[in-house]
Each structure stands twice: as C-alpha cells, then as structure tokens.
Amino acid sequence: MLNGIIISLRQELIVTVILFLLLFIKVAGNEPRPGVILNLINILLTINLVLGFFPGPDAALFNGMFHTDRLIVLEKNILNLGTLIVSLQAYDWLKAHRQLLEFYMLLLATLTGFFFMISAGNLLMFYLGLELSTIPLTALSGFDLEKRQSSEASMKFIISSAFSSALLLFGISLLYGATGTLGFEGIVHKLDGSAFQLFAFILILSGFAFKVAAVPFHLWTADVYEGSPVPVTAYLSVISKGAVFFILVQTLYTAFKPLVGDWQKILILLSVLTMLTGNLFALRQNKLKRLLAFSSITQSGFILAGIIGASRAADASVVYFVLIYIFSNLGAFGVVALISAQTGRETIDDYRGLYAGNPMLSWVMAISLFSLAGIPPTAGFFGKFFLLMAGAGKGNYIFITIAALNMVISLYYYLRVIKAIFMDTQPAPIGKLTIPLLPNIAFLICLTGICVAGVMGWVYDYIYSLSIGL
Amino acid sequence: MNLSLLIILPLLIVLVLLFCRRQSQVRWVSFIGVTVQLILSLVLLTLYWREHSVHGATRFLFESRQSWFPALNIQYHVGVDGISVAMILLTALVMVGAVLVSWSIGTQVKEFFVLLLLLSAGAYGFFISLDLFTLFFFLEVSVIPKFLLIGIWGSGPKEYAAMKLALMLMAGSALTFVGVLGVYYQAHSFDLARMFSEGAMPLSVQRFFFPFLFVGFGIFSALFPFHTWVPDGHSSAPTAASMFLAGISMKLGGYGCLRVAIALMPDAAREYSPVIVTLATIGIVYGAFATMMQKDLKYINAYSSVSHCGFILLGAGMLTPTALTGAYLQMISHGLMTALFFAAIGMIYDRTHTRLVERLGGLQKIMPFIATIFVIAGLCSLGLPGLSGFVAEMTVFMGSWQRSASGYRLATILSCASIVVTAVYILRATGQTLMGPVKDPQYNSLTDAKWNERLTGILLVTGILVIGTAPFWLTELINK
Amino acid sequence: MIGSELVFYILSAFILVTGGLAVTTRKIFRSAIWLLFCLTGIAGLYFWLGMLFIAAVQIVVYVGGVVVLIIFSIFLTQQAGKDLPPPIRSRAILSALAVCIGFVLTCILLRQHSFGVATNPDLADHASIAAIGTQLLDTSEHGYALPFEVISLLLLAALIACIVLAIRSKPEEK
Amino acid sequence: MIPLHYILFLSTALFFIGMYGLFTRRNIITILMSVELILNSVNINFIAFNKYLYPDRLEGLFFSLFIIAIAAAEAAVAIAIIINLYRNIRSVDVESADDMKF
Amino acid sequence: MPNTAYILLILLLPVFGFALLGLFGRRYTRGFSGVIGTALLFVSTLCALYVAYKYFSGNTGMPALRHTYTLFEAAWLSFGPDLSINMGVLIDPISAMMIVVVTVISLMVHVFSLGYMKGEERYSTYYAFLGLFTFSMLGLVLSSNIFETYIFWELVGVSSFLLIGFYYDRPTAVAAAKKAFIVTRFADLGFLIGILILSFQAHTLDFGRLINNLSSFEHSPFTEPPVFLGLPLVDWGLILVFIGGAGKSALFPLHIWLPDAMEGPTPVSALIHAATMVVAGVYLVARLYPLFTLTLDVQQVVLYVGAISALLAAVIACTQTDIKRVLAYSTMSQIGYMMFALGTYRLFPPSLVDPKIGFIGSMFHLFTHAFFKALLFLCAGVIIHLVHSNEMKDMGGLRKQLPLAHICFLIACLAISGIPPFSGFFSKEEILSAAWRADRFIYTIALFTSGLTAFYMFRLYFSVFWNKPATGHPHAQPLVESIPLVILAIGAAFAGFIPFSHLLIVGGHPSVHSSIGLNAVPPVLIALLGIGIAAWLYYKQSDRPQKAAAAFRGLYTAAYHKFYIDELYLFVTKKIIFNCIGRPAAWIDRNIVDGLMNGLATATARISATIKGIQSGRVQDYAWFFFVGIAGLAILFIYIVK
C-alpha cells in the first residue's frame, strides 16, 4: 500500500523532498554562496528530471482523487524539464537575488501543485493543486520586491486569480449540486447537457481559461508577464500554462465528455478570439516581455484549436506542442532574461543591432522565434501543423483557415524582432555579453529540443502511443 | 540514385561552411558545393533517362519511402518524374549562377551563403517530395531564408520588402495548409503518389479545397491580385536572392498548382478554370502594362516576372495537355531567363550603383559582355525563337487555343498580345540602358564582367539556348 | 417549522444587508466590521443548517483569523480614519449592470433546474465532528488524507510567500 | 422546511454583492474583503447542496472546509502582497496601480 | 532530288559564320571577319545556285511540272499527338527562286560592305549579324511548316532590329530599331493568332497538309458559320496571317517603321529593307496562295491593302527629300504592287485565262525588284559616303564624280519605272495585265502608281546626278564596292528575260499567258510621262518644284508629312496606351492592388490600436471583462446556440 503510494507519487515526493531540503538549509542558518546553491539545486533538478523518466504503474489512489498513467508521468516530466530550463536561465538573476532559496521553495511548491493538479481525479484535488500552484506563483511574480512593476504584477495576479478561482468554485459548487459528486468519473455519468450544467461548466471552464490566458479571461496575462521577473514570466508562460492545458484536456476528454458538442463550439469561439486578440495586441508592443506575453496568448489559442479535435491525435498534439512550446518559448525568454539581467534592456529597440555583438544569442532568439512562429524545420512547425491538423479533424475548415491566417499575423511581430536584431542598427547597441555556463546549457537544451523534437518523428510517436482519445 | 542526396548535400556544405574561417574559403566551398550539386543533377538526368527506358511504365523513379510520423501516416517519401528532374536541374543551374554572382558580397559572407544554400535545399526537397506533408514542409522552409537574405543584404526599402514577401508567402502557405489538411482528411494520407493512383476525390471536396490549394500556391507564383510581393521583394533582394526568388521560388508555386492542386482535383480545376484563366490573363496583360511604366531595372524584371508567371497559371488554367506542358516549360524557361536577367542587372548595378533606366545609357560600349547577356535575357523574355521563352510561350498558346470556348479564346488572344507589350518594355529598357550615348562619363572607366560573372552568364545562356534550339528533349522529359 | 423559516429569513436578511454594507460603506474600518457581521451571519446559517463543525470553523478561521488579518493590514496601510474614495461612476454603473444580469441569469437557471431529492435527509451521525476528523485523515474510501497533505504543503508555501514578501530587508543590507 | 432554492438565491445574491464590491471598490483591501464574500457564498452553496441533496457523503462539507483554509492562506499572501505594493507605491488605491497597460 | 545534304549547307554556313564571328570576332578575327563571312556566304550562294539549277532544269521533260520536296523533316517541338513543329526544308519553285535571290543579294551586300563598312568599330559584329540575317531569311523561305516560318520570321525581325540599331549610340537609330521591331512584332501577333486558328482548324502545321486540309472540299471550314464580323474562323486566320505579312512587308497601315529603318547602314537597307526581308510578307501569302485564293473576302483584303499601299507610298515618295526614305517608300510601293497582284485571283471571271497570272507576276516582280532595289540602295550608299548626307539638297551633279554609280542608278531607275527592256518592265507588265483583267479600278490605281513611280525615281535621279553642274573628278571607288554594283546592274537590266511563268507552276498547267501584247503600251507611256515631268522639274535647278508643290499644296503637305500616320500612331501609343493603360496599370498596382494588401496590414494595426483600451491596466476592469465573458458565453451557448 505505502509502497504503491510512494511509487505512484514519486515525482511529487522527489520535488517535495527537494523543497524540504532547501527549507532545512534555510532554517539551518549559514547559507552557502549563491553559486554553490544554484549548482546544487540545478543538479538536484536534473536528477529529478532523470528519475522522472523511470516508468511506474498506472494507478488510481485515494479513492480516485489521485491517478497516474504513463502520459501523466510524461507530462509531469515535461514540466520538470521546463522547470530545469527556467532554473538554468534564472542563473544571472538569482545570483544577485538574496532570497534565492525561497524562490526555489516557492517554485517547487508550485511545481508540486501542478503535479497534483495533473494527477487529480477529482475536482477537489484539482482545486487544491491549482491553488497550491497559484498562490506561490503570485508571490513569485512579486519577487523583485523593490520593483514597483513587480509588486503591481503580483497584486493584479492575486486579485485576478482569487476572483477566477472564486468563479471556478462557484461553478464547481453548482456542478456538485447538479451531479452530487466531485470525482471526474462520477461526473461523466451524471452529465446530461442541461442548461444548468452547461452554466456550471462554463464557470469551470473560465477558471481553466483564466490560467491558460484565453480571451476574454486573459487580461491579467500581459501585465503580470511584463511586471514579473523574467524567469517567473517564463515559468508562467510555459509551465503553468502547459500544466493547465494538460489537465484541461484530461477533464474535457473524460469528465466533460458528454458535453463535447458544446465545449467544442465554445472552444472554437475562445480559440478564435484568443488568437486574434493575442495577435492584435502583440502587433503593437515594443517591450519584448509584453510581446512574448501576447504571443503566448496567441499560442494558447492554437492549443485550444488542437483540443477541439477531440481525438487521440489531438491529445497527443497538445502534449507534443507544449513540449515544443517549452523549448521555443524558453529559448526566447532565456535570451531576454540574460540580456535583461546583464543590461536591464528589454525593448525591441534595444535589440537593434544585437547580431553584431552577440551572434549566438541572436541565433538562439531567431530560432526560438521561428519555432514559435511555426516555421520549418524548427519543431514549432510540426507542433502547429499537428495541432491544427487535429483541430481540422472535425471538419471545421473555416476555423482552421482563420487559425492559419493568424499564424501569418503572428509571423509579423516575430519577424519584427528578427528585423531589429539582424537588420537594424542603433548608436549604442548591446555590447558583447558573456553567457555563463548554466544559461548556456539551457540554450543548448532549447536548441536541441527545437531541432530534434520536430524532425525526429519518434517524439510525437511516443506521445501518441501514450495518449488517449475522447 | 538516392534522392535525399540532393537535400543532404547543401546541408553538408552548410556544415562545412560553418567551419570556414576566411571569406574566400567560404566562397570556394560554396562554389564547389553547388557545382557538385549541378553535376549530381546531371547525373540524375542521365540516370533518369536510362532508368526510364528500362521501366517506362512507372510514373516515379528512385522512390524512397520512410516512415516519419507513423501515427499520422506521414512519410518521408521522395521520388522524381521528368518534371521534377527538369526542375532540379534548373535549380542546380541557377544556384551555380547565384553563388557566382555573389562573389563580391562583402559583409557576413558566411551567413549569406549558408542561407542561400538552405534556400536551395528547400527547393530541392520541394521538387522531390511525393508526400504532401514533406512538400509543404519544404515549401515553408524557404520563406525565412528569403526574408533574411532580402532584409540583411538587400537594397532600397529592404525591410519593408522582406516583411511583405514573408507575410504574403506565409499567407499563401497558410491557405495551402488548409488545402493540404482537407486532402489529408479525405485520403487519410499525405501520399501524393497513392492519391494519383487512387483517382479523384468527391466533387464537393474538390470544390471546397481546390481554391485553397490553388490560391495558396498561386501566391507563390504571383497570382493576380496577390502578386504585389513580387516587385518589392525582387527589387530589394540582393542579386543572388533575386535570381533564386524569381528563378526558383516562384516556380515552387507553379509546380504546386500543377502538381498538387490540379493533379489532385482535376474536376474542380475544370470548374474553376474560367476564374483561373481570368486571373492569369489579367496578371499577364496587366503585369506587362505595369512593367512598361517602370523605371527601375529590377522592377521591370520583377513586373515582367508577374506577367511571365501568368503564362504558367494560364497554362495551368487551360488544362489541355499541351497547355500544361507549356506551363512546365514556362517554369523552366522563365527560371533561366529571369535568373540571367537579374544577374545582368546585378552586374550593372554593382558597377554603376544605379538601376534607374534614365541614369544609364550606352553601356554596350563599356561592358559588351554584360550587355550581350542582358540582350539575350531580354530577347528570351520577349519570346524570340531559338531561346527558351519562345518554346514555352508558344506551347502555352497552342495548348490554350485548344480550349475553343470564346472566353478562353479571348484570354489566349490577350495573352498573345502581351508579347507585344513585352517587346515594348524590353526594348525600352535595352535601348535606354545599353544603347544611346553614355550618360555619365564616369561609366567610361567601368570594367566588363569578371570571370565569375562571365561563367554565370555563359551557364545560363547555354541553358536558354539548349532549350530554345532543341526543346524536344525537354518536352519529352516533361511528358513522360 | 415556522420558527425555523423565520430564522432563515432573518439570517438571510442580515447576511445580505451586512454584506451589502461591507462592499459599499465609505469607511474602511466599518467595512471590515460589516464583513465580520456578515461572516458571523453565515456561520449562523451553518448552525441553522445543522453543520456545526463548519460553523465553528467559519467563526474561528474567518472571524478570528481573516478579519483580524484584514484589520491589521488596514492599520498597516494607515487609512483607518479616512473616507474611501467613491467608486468611479461609469464603472459602478457597468458593474451594477453586469452583476444584475449575472444574478438574474443565475437565478433563472437555478429556478429552472429541478434538483433531486435526498434519499436520506438525515446526516446527523456521520456529520459529527469525530466522524469528520476520522475521514479527514483517512487514506481509504472517502478519506481526505491526500488533500489534507496537499493543503498543508500549500499553507507552508503560503507561509514562505508571506515571509518573503512581507519581511523585506532594508536595501542597504545587501 | 425552507426550499433549497431559497438558500441558493441567498448565496447567489451574496456572490454578486461580493462581485459588485470587487468591481467597484478602490481600496485593494476592500477588494480582498469582497473576494471573501464571494468565497463564502460558494461555501453556502456547498453546504446547502450537501445538506439537502447528498447528505450520505460529506463531499460538500469537506470542500468548503478546504476552501476556508485556502481562502485564509490566500488572504494572507494577498495582504503580504498588498503591503509590499504599498511600500512601493505608497498607496492601496487600485487605480494607482496601472503602470502596465495596453 | 537525291543527295541533297548540300542544301543544308546553304543554311548552316551563314549561321556558322554568325556563331564564329559573334563569339570570336571581336577578339580574334577582327579585320578578317568580313572576308570570312563573305567566303562562307559565297559557298552558300554557290550551293543555292546549284540547287536552283538542279531544280529548275529538272529531269522531266516538262519544265512546268515541278514537284514540291520536303527534306530533312524532324519533329522539333511537339504540341500533342497530331500537332508539332517539324523542322524541314521545303523546295518548290518559289523557295528555290527565293534562295537564289537571298543568297545573291546577300553576297553582293557582303562584298559591298567589305569596302563600305571598313574601319567600323563593330565590323565583326556587323558581319555576324549579316550572317544571322541571311540564315534566318533562308530559313524563312525554306520552311516546310508554318510555325517554322514563324520562328525564322521572328529571327529575321530581330536581325533587322540589331542591324537597324547597329549604330547604337545614335538615339535615332535606337528609336528606329525599336520602332521597326515593335511594329512588326505587333503584326506578328496577327500571324501568331492566325497560325493558332489555322492549325487548330487543320490539325496540322505543315504547309502541304495545311493547304490540303483546309481546301479539301468535304470538310472545308469555309462552310462553317461566321464567327466574328461576318467572317468564318479560317478567313480570320488568313487575314491575321496576312496582317503578319503586311507588317513585315511594310504595307499600309503597318508601314511606318520602314522609312525610319533607313537609320541602319545602307547595305543593310539594301539587303533587308529592300530586297529580302520586306518581301517576306509577299512570300508568305504566296506560300499559302491556295488558301488565300479560297474566298473573296480574303482576296479583297489582300488586294486593297496592296493597292492602297502602292499608291500611298508612291505619293509620299514624291515629296520626300531624304534619298533613302524615297527609296524606302518606293520599296513599300513596289511591295504593294506585288501584294495586290496576289489578290487578283478571285476577281477573274471564271472563263478567262489562267488566274494564276497575278501570282506569277507578283513573284516575278519580287525577283526583279530585288535586283534593282538593292542596286539603288547600294548606289545610294556610295552617294551618301561621298556627300556624307542623306538629303537630296546636298547632292546634285554627281554624275562626274560617280560615273559607275550614275550608270547603275540610271539602269535601276529605268527598271523600276518599267521601261523596256529592263527587267522591271516585264514583271510589272504581268502584274498590270492581271490587274486589268481583274478589276479596272485597281488597274487605274496601278497605272497611276506606275507613273508616279517613274516620276519620283527620276526626280531622285535628276536631283542627285544632274540639277547642279557636274564638278570634280571621278571618285576612286574600291573594287569590292564596284563589282556588286555591276553584277546587280546586269541583273536589273536583264532579269526580265527569264521565262518566269514557265518556272513557277507547281504541278499545274503552264501559264498560257506569256507574250507581251498591246496592253503594255499604256504603262510605258505613263512611265515616260512621269519621267518627262521629273526631267522638266528637276533636270536643272529651278523654282519649278516649289511651284508644283504650291499648286498641290494640301496634298503636298499631307504627303510630305506622310499623311500624318506616324503622328496618329504616336498619339495612340504615347497618349492612349501609355497614358491610359500603362500608367493607370502601374498606378493601380501600386495604389489599389498593393494598397489593398498594405491596407490589410494598416487595418489590422488600426484595429489593434482601437481595442488597446481593453487592456486598461486596471485589475477591476479585467475582472469585469472576465465576468462579462462568462455571462456572454453562458447566454450565447445556453440560449442562442442551443
């Protein structure tokens, strides 16, 4: 029994153990130097990642509150990988930050929260996991304590998320009233598509939509992304979003299966709105973080488009895309983080003429952006292709056309950045920067991921073999 | 022969280039690389002839198939027929020219050649693909190198042009993408070869998806009214990129229209034929008239490309076997001709630093070689017999005339009439640039073509002449 | 039964009135007090419903914890005496509109939905505090051990977060 | 016996009262108070459903228990954040925290 | 004809010369280029003469029954199973005649140019171009396939372009070259569409089968209903082909390029714009003669265009002062002659004599015209070299300085005027008698034109060689310039004695009409009258010309300005095509089509700017939108969509 629990919960446990380890170091009083701690933590996270690859049995524990299978293990490990990359990239910023242990404690707490959320088989566990991840995240986004924007971001974040979770809870309560159960498996049998249930579902969906920044529940995103420290923004935009997408797919495909006709329509609307709005706002941004924020909103729209497919391929494509998205977005954020930490410059205009001094960073940025834009041969192309392909499976080609044309709009602002880096000049371009080892490793991981995850067919194939259909 | 070599070789050269230190090394490696590629394409041609005479019945040769995304039934599937072989040969030839004229690129040489080679890899991949996914993959691969080539090494409003080109081409591929998906969900496979053999899909499906595919590819091939990236893009691009853009990249679109859109959806193509023909004719005539008013040599050639690529689409729209053959011929002919034209313009621009027709004059005296290739390109453009343009255009006209409804006849006549307008603008350009008195005394000190430029000119002119004087082998290759 | 219903109506009115005052009054301190009353009223409602444990928790956590925390924070931000700025008129109107629509919509939906009827309306035995305590730490059927552990982790994280955010060292320490 | 609907109307009313406060209040602390109201209305829902419809299991009760706990934690973190913000901008007026927009 | 490989030599030697001189001339051969070119052409000419000799001497007893041979036929470009361009060599009487004309005149010009063009900077290029032209022209006449003709037709056009623009640093030469090319190109468009029509109807491009298929009685497309303006499709095809021919042959109204083309070197004018290329149109009609004679409509087009051109050009020629332009208009007039002769067939009453007399006359005139017109141009070249001007007013009294040219010029003038026994008399006589039998009105025009011809030719002659007192010594003329003059003069004088009508008939009856009867008298008288007037006006310097001009003021001014046809063209092209089509097209492209694309981008940006307020930076607004989003979704999907 206990063994079973430990094996099934091993990923959560490892992260928790690391968390407590850090807590003990903190409590013990004499902290080692930041560099040592950072190396230690990153080694621990790597170990965590590697251990995560060991397969475990499928299981449903605690009366179905917690369940796990190979896809979930993989999803958690994708999050592990993302966390590791974020951590590696945060090196420059954290070295100068005094509360770095606390940063990691909170970060790992959120990660645990995501794990529980993904594994949730029950709305209560889902809610707890969500809050476990959200509350520390709000604190993290205010982690540049002296910066006005950072604290403003965290304020906006916590108010918005409190409001959102309140609405989510209201929805859950109504659903509970309508079905009498909180377990996903119980819900399925009780759903009949009545107006009341649909209302409850829309409220619950809004909670998801809030976390994945789907329009019109996205408004917090840009401000929070902009104000938060870059690594936190990176984390928010990929890990947080990815985790919520994982659980969203699961709930939609299992618990809310009877409502499939309804949620497909709703998601089509949300997806179109999300893509369009994200694009339209991204067009006019000059701050790179804000641009990436809106771009990540657009990407959410694309993922929603994939979810609509409601097929095994759709499930696989979402997971696959999140994996690729982690590489691409973190590649871009890594460059922003590095430059921001070393020079404090964050606007597109600042990036003019970057190529002359920093070809390596420029290419990382360019390739990441191409991947985000879905240009072959980067992995992003495959990700987007499969997503939209899955989305088209139900025959809504007008919608797919809109999505495809949105890719064109999004290309515009990615290319704006490329143009600034490669084609423009400015009187005081960013000088040659040194890239420390850890961010370098992170870039290497991202680039490898972008190059390999797409072209190598087995990555998708593996995910497909694990995924479930509707 | 393993066709993947065609893609791998440019990538290998790119890899080698990354380790090159000096600029001259970069140039020579690229040159040797593309020459090897050209030889490879010639070998492919001979092997193709030989193989074809052995097993004549099969449509595609040297097929190789490899599972790529088995879950989605996506394969890496390559193979060639005569058309692809011809296009590959064209690409190889233009690439040699493009590398040679880029000899004097001074800044960021390595990046330039790397991008150029990536571009070519994309084109090769496109032409050998027998799987729609692979095809689409390679179609999109080529967009970004173009953007960078124009934006970094271009001239004039280069960023604007680069952006416009990238966005419009992306829009084209977005439409193509929808079409590809539609085909996929109909056939549950991306395998072109299989789809050809399985026969046409239901008419309603064709009707819905044909416009996506055709317009999508059409944008690449300057389909009116989506041609506006052409003038800006071609004019701002550096010489080699212009050559490749106009010579090869635009052909990707035509090839796609013919090979994918029309071949997969022949019934819809027949239904949409009037629309296609109308747009193509507008493109041809209106492109020609617009060219007449241009003052910049590159704009002249760019607009004339719009007009000439209209013939490809016209042939595609007419749908008679002869017209389709003509469309293919026009792709090849225009590829060579426009590459030569852009090369000549580039050589002139490198020397005089202007492309404005009114500032040039009397260059024939100063640079007879460049003048000669310029004139040959021009004559080819206006369809002089003995040069490739004539062969292609006449085949298109002959094929078009076979559609005997009066609307099609009118379109054919109007398209024929455009060759008069072509003559007008070509002669104006030639007359003002090469003939007449020397406008600027500084020009007297300029030199004629250097060896690399000569080689470019000779190669491309040879291509044009070979097709122009002995077209039968090419038509045979295409019709096989 | 009339008495019970009367109690409910009184409680409801009390909750709504105090809640309404809590969100509209211009004095922040009074607002906190109205909130306190409202929460207490809700606790009363739980009593009325027979959910004794949750009523107690409501009093302990909300009245004893959260409201006190809020009052402290009001003091910390030194605004106890001042009137709150009035809401922006346009937003107030739009909000009222949105809220009304939302309320009407929800009520209609609630009204239209026919909830089932409980098979065994008596929950006295297993709603006892002892039963709840057992269930809370039970890992077996109907046990809530895992959520309990998760929420403990959450509280730890919240604790760390509060410490990090609130205990800000002075800049010169760096 | 009071019908379930009445209790639900009460909670809904409280929910929207809280929401109104959240939309209109300008002091961030009062906004937080509004959130608490909303959460309480949810709790009423849970308890009422549990009591009226599904009394054989205590899922509603436990859920509201956890909500109360999380609400407390959230409030604590929120107040910490508000205090930190107050230190930075010397104000708890939500209108003054609109540095980042568009 | 067995063992005919040498026929190919006729074609290949000039093109070999072109390639050789074009590629290496500038660097290596330089001064020898002319000699090389001439030598190659000489061999080619010998071959041509041999071929013609063999062909016409024949081996059958009946000289009139000649066969049409198609040799070396090979598919060049296939358009489908039944339609392909076959490259082949067609030998029949007219092509045999034409290769002689082309090679001989070309040889003469080659030789003449050895002296005339000596020292030119682009001497090699000149010979290369001449080689190209000769090749193309020979190809044209030897084509067995209508598309093959078109190919060489275009090549001829481009060689003409290159040679007119030979002095490329002269803007007028460049303009003239462009004009020539574009006008003929425009006409070629007609040719091309004509080919499309004919080939589509006949399912072949081969001349023989084309004529067969289209004229065979059962499925004659002429019975089909009219498609456009009351004419059936094949008629349109023929008319369009004729337009092509008219363009190349500088017939009204497509003649405007010919006078300007005189900007080229004079020997080039002699070769291309007098003797060979410009008659290609006539040749084309002759080649398709069986088709052109099928319907009256087409015949009338040919007839009237020819007649109008003949008359109009003659009138204009009377007023021009540039010696080469006079000759150019004279060429146009003579070609008009040849053309309308081809249009007389259908007008004959059926009972009358062989209606092919017009055809024979036309070909005969083509043949003789080549000699005397080339001679005239070469003489003009000599004159221009001497006085360094083209204007007649700068000349006069040159008979002493250029005695040989004087004699030759006189012979040529007599020939062109149709004075017996010079060659022109015979050929013109045949045309006139054809006209007489066909249509009196046309005959009148022809007769009048004939008189005008004599007048303006002798006007030219007198103005150049007399008019002023003869001074100076005989100008030393190089031998290479003299020999061609002499040879051509012999041709011009005696070519008329060749029994042409016997040679030309293919597989039909020999022409009954051969003798020259009484009907030859009026033309000769008219010609003499013309000569007389010219002598009266120009023999000596006087004010008579001015008076005469004043007497016909209106006509004179109009003719002097070439009836304002150039201006009309300029108006149409510059004002209408450029301003009303080209400029708007370019404008529309930049502003409307491209504007639309850019407008999409701008609109997107504008929308983006408009909706930016949603992201107001206030968290309460965000929450409000959040809730409104939920309410909207709920209302939409619960009440509206469901």
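Chains here go by letter, A, B, C, D and E, matching the order in which they are written, and residues are numbered from 1 within each.
The criterion applied here is as follows: contacts are C-beta pairs under 8 Å (C-beta built on N, C-alpha and C of every residue); 3 or more make two chains touch, one makes a residue touch a chain.
Since this is a predicted model, take the numbers as computed values, not measurements.
Novice: For chain B and chain D, which third chains touch each of them?
Specialist: Touches both chain B and chain D: A, E.
Novice: Which chain's mean C-alpha position is nearest the mean C-alpha position of the whole protein set?
Specialist: B
Novice: On a CA-centroid basis, which chain has its centre farthest from chain B's?
Specialist: Centroid comparison gives C as the farthest chain from chain B.
Novice: Taking mean CA positions as centres, which chain lies farthest from chain E?
Specialist: Centroid comparison gives C as the farthest chain from chain E.
Novice: By raw count of C-beta pairs in contact, what's the busiest chain pair here?
Specialist: Top-ranked chain pair by contact count is C-D.
Novice: Any idea how many Å lie between the Cα centroids of chain A and chain E?
Specialist: Each chain's C-alpha centroid was found; their separation is 77 Å.
Novice: Any idea how many Å lie between the Cα centroids of chain C and chain E?
Specialist: That pair's centroid distance is 101 Å.
Novice: Which whole number of Å gives the spacing of the CA centres of chain C and chain D?
Specialist: 6
Novice: Return the distance between the CA-based centres of chain D and chain E, expressed in whole Å.
Specialist: Spacing between the chain centres: roughly 96 Å.
Novice: Taking each residue of chain B in turn, which ones touch at least two of the other chains?
Specialist: Residues 167 of chain B each touch two or more of the other chains.
Novice: Going by the contact rule already set, what residues in chain A reach two or more other chains?
Specialist: Counting only residues that touch two or more other chains, chain A contributes 124, 128, 131, 135, 138-139, 142, 145-146, 154-156, 159, 163, 177, 180, 195, 199, 222-223, 281, 284, 412.
Novice: Which residues belonging to chain C are in contact with no fewer than two other chains?
Specialist: Counting only residues that touch two or more other chains, chain C contributes 91, 94-95, 98, 102, 105-106, 109-110, 115-116, 142, 147, 151, 154, 158, 161-162, 165, 168.
Novice: Let me make sure I understand the interfaces: which chain pairs count as touching?
Specialist: Pairs satisfying the touch definition: A-B, A-C, A-D, A-E, B-E, C-D, C-E, D-E.
Novice: Show me the residue ranges of chain A that touch chain D in the complex, using the header's touch definition.
Specialist: 123-124, 127-128, 131, 135, 138-139, 142, 145-149, 151-156, 158-159, 162-163, 166, 169-170, 172-174, 176-177, 180-182, 222-223, 226-227, 281, 284, 290
Novice: Please give the residue numbers of chain E that touch chain A in the complex, ascending.
Specialist: Its residues touching chain A are 601, 604-605, 607-609, 611-612, 614-615, 617, 619, 621-623, 625-630, 632-634, 636-638, 641-642.
Novice: For the complex, give me every residue of chain D touching chain E.
Specialist: By the definition above, chain D touches chain E via 19, 22-24, 31, 94-95, 97-102.
Novice: Considering only the defined contacts, which chain E positions touch chain B in the complex?
Specialist: Within the complex, chain E touches chain B at residues 26, 75-80, 83, 147, 150-152, 154-155, 158, 161, 165, 168-171, 174-175, 177-178, 181-182, 185-186, 189, 192-193, 196-197, 199-200, 578, 581-583, 585-586, 588-589, 593-594, 596-597, 601.
Novice: Quick one: which bits of chain E touch chain D in the complex? Just the residue numbers, please.
Specialist: 612-613, 615-620, 623-624, 627
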